[in-house]
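Look at the two complexes coming up: subunit A is in both, with subunit B in one and subunit C in the other.
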Partner chain A sequence: MTLIQHIELGSAQANITLSSIPQTYTDLYLLFSGRVSVTDGGLRLRVNGSTANLSTRLLYGNGSSATSATDTTYIGTVSDSNTTANTFGNGSLYFPNYASSTAKSFSGEIVHENNATSAVQWVTAGLYNSSTAITSLELFNAGSGNFVQYSSATLYGILKGTSNGVTVS
Partner chain B sequence: MTEIITKLIVDCTTGEQTIVPLTEEELAEREAMRFQAEADRAQREADELAKAEAKASAQAKLAALGLTEAEIAALGA
Partner chain C sequence: MSYIPLATVTLASNSTSVTFSSIPGIFKDVVLVGNWQNSSTSSAGRLQVNSDTGSNYNGVWMTGTGSSAGSGSEASQTSARIAGASVGPDNAYTNMVTITFLDYAATDKHKTILSRFGTANRETQATASRWASTSAITSIRFFDILGQTFQAGATFSLYGVA
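On to the complex of A and B.
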């Protein structure tokens, strides 16, 4: 697993875009830590500068109930202005075979941190139904908020092969 | 003064980081998504309330039939 890029916001930003992603890896692994400035911590994904050709299936649990949902670009929630001050949600998205010329699936896990009875966890299965290789990934808030300062994103590239008993193909 | 909303673009090949204002199209999309998010949240809350009310109603009917709380819980209701 090779670090491609790590960023930490020095000021609030509406979107975080990782562009010109090298096409030299097999899979991509995006980790992020975020908090948004509004009451809706929903996160959406844009691939290659567009929300087209995306679909997601989500499982959601908040400590007392669980449900599921279908969406196009929604991937879960991070901490928001209603959650405990200075807490950040975090999550990951994994994109196998991101440079392939067939439809690309992805998976995600996100937690929405909150020092209270209710905190939220999301599990996401997604599809980018396009033959175009993934060259950019963009995270943005569903509720028109900004990512606050110190939100961060880290992108790793993973090469196929076997290492320490783990195989990526 | 109008707030200028910006985004961070990171070139993963060069490492260059650029902060640019959102385009008019992006601002319009952002506004549309805000309305949609509010509608979705309202719908989700209404669904959860309806589900909770249905559950309470079902539990009350089972209790009226003579089931104990333990028996109702055993049914998963």
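On to the complex of A and C.
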């Protein structure tokens, strides 16, 4: 597991983009911490600079109810301008076989909380239906807001391999 | 935190199961990542550890189909629930799962197994399972209890978390 890129915003910004992703790993693991400047905390994904060829299936729970939905680029919500100051939503996206020439599945998870009165969890299954390898990932707000200062994202590359005598059959 | 690659298989032909064996107890956790298609959408991925076929698996899960959400539980099962409605070999979609075995090498506690499963055209699911044994986990078998096969090209990797 190798750190590819870490971004922490020095000032508010409309998106967080991890680009020029090398094709030398097996999987990608993206961790992020975000808060947006508007009341809509929705988070969307752009792959290789485009929102095309993406689909998601979401499961949402808030402690009292659960719902499920489908979308194209939506992956959940992070903390927004109505939530407790200085709190951030935290999440991850995992892309196996991101450099393959077949469609790429991915999974995601996000959690955030508001002043001890509510908490939210999102679990997402996604597909990037393209034969093009993933070279960039971009997170942006569904409500056209900005990520606030100190929002961050960290991208890791994960290699396959064999070590320590483990066998697979 | 770092993922140490322990073993990976890319299936050369369809297979009824994948088994990781001789897992050393030198890591904090281990994580299994799978990406596959099934021989049929009528499928249900489950796992057993240490070849234990006893009634030692308990779990809860929540699932979303895109139009409805649900939750359930099971107790004293002979395997742990991991994957729900999945995709067959007839389209672009693939199933994906990450399974984390927490404190897998501990000998003083039952083992917690957390999984996240999904395919973007059918279902997303999260499960938490308990293997009722204090034995360290040294092998993991992932299979489809409805008898479907994992299709050629499927990839399964095991990582140690240090």
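Here, the second predicted complex is superposed on the first by the 160 of 169 C-alpha atoms of A that agree within 3 Å, B and C clash if a C-alpha of one lies under 4 Å from a C-alpha of the other, contacts with A are read in each partner's own complex, and residues count from 1 in each chain.
Following the convention adopted for this analysis, a residue touches a chain if its C-beta (ideal position, glycine included) is under 8 Å from a C-beta of that chain, and two chains touch if they have at least 3 such contacts.
Because the structure is a prediction, the values reported are computed rather than measured.
Undergrad: I'd like to know which partner A:V123 touches here: subunit B for first, subunit C for second, both or neither.
TA: A:V123: touches subunit C, not subunit B.
Undergrad: Of the two partner chains, subunit B (first) and subunit C (second), which one does A:S20 touch, if any: first, second, both, or neither?
TA: First partner only.
Undergrad: Could you figure out whether subunit B or subunit C reaches more residues of subunit A?
TA: Of subunit B and subunit C, more residues of subunit A lie in contact with C.
Undergrad: Let me test your reading of the model: by the given contact rule, A:S101 touches which partner, first (subunit B), second (subunit C), both or neither?
TA: After superposition on chain A, A:S101 lies in contact with neither partner.
Undergrad: Check the residue A:S144 against both partner chains and state whether it touches subunit B (first), subunit C (second), both, or neither.
TA: Touch partner of A:S144: subunit B, not subunit C.
Undergrad: Mind working out whether A:A66 is in touch with subunit B, subunit C, both or neither, as first, second, both or neither?
TA: The second partner, subunit C, only.
Undergrad: Considering only touches as defined above, state whether A:L58 meets subunit B (first), subunit C (second), both or neither.
TA: In the superposition, A:L58 touches subunit C alone.
Undergrad: Determine where on subunit A the residues touched by subunit B overlap those touched by subunit C, and list them.
TA: 67
Undergrad: Contact residues on subunit A for subunit C in the complex?
TA: Within the complex, subunit A touches subunit C at residues 1, 26-27, 29, 55-61, 66-70, 94, 96-97, 102-103, 105-107, 109, 123-127, 129, 156, 158-169.
Undergrad: Can you tell me which positions in subunit C touch subunit A when the two form their complex?
TA: Where subunit C meets subunit A, its residues are 1-9, 18-24, 26, 33, 35, 62-71, 92-98, 116-126, 155-160.
Undergrad: Going by the contact rule at the top, pick out the subunit A residues touching subunit B in the complex.
TA: 4-5, 7, 9, 11, 13-22, 40, 42, 44, 51, 65, 67, 138, 140, 142-144, 146, 155
Undergrad: Please give the residue numbers of subunit B that touch subunit A in the complex, ascending.
TA: Those in contact with subunit A are residues 5-15, 17, 19, 22, 26, 29-31, 33-34, 36-38, 41, 48.
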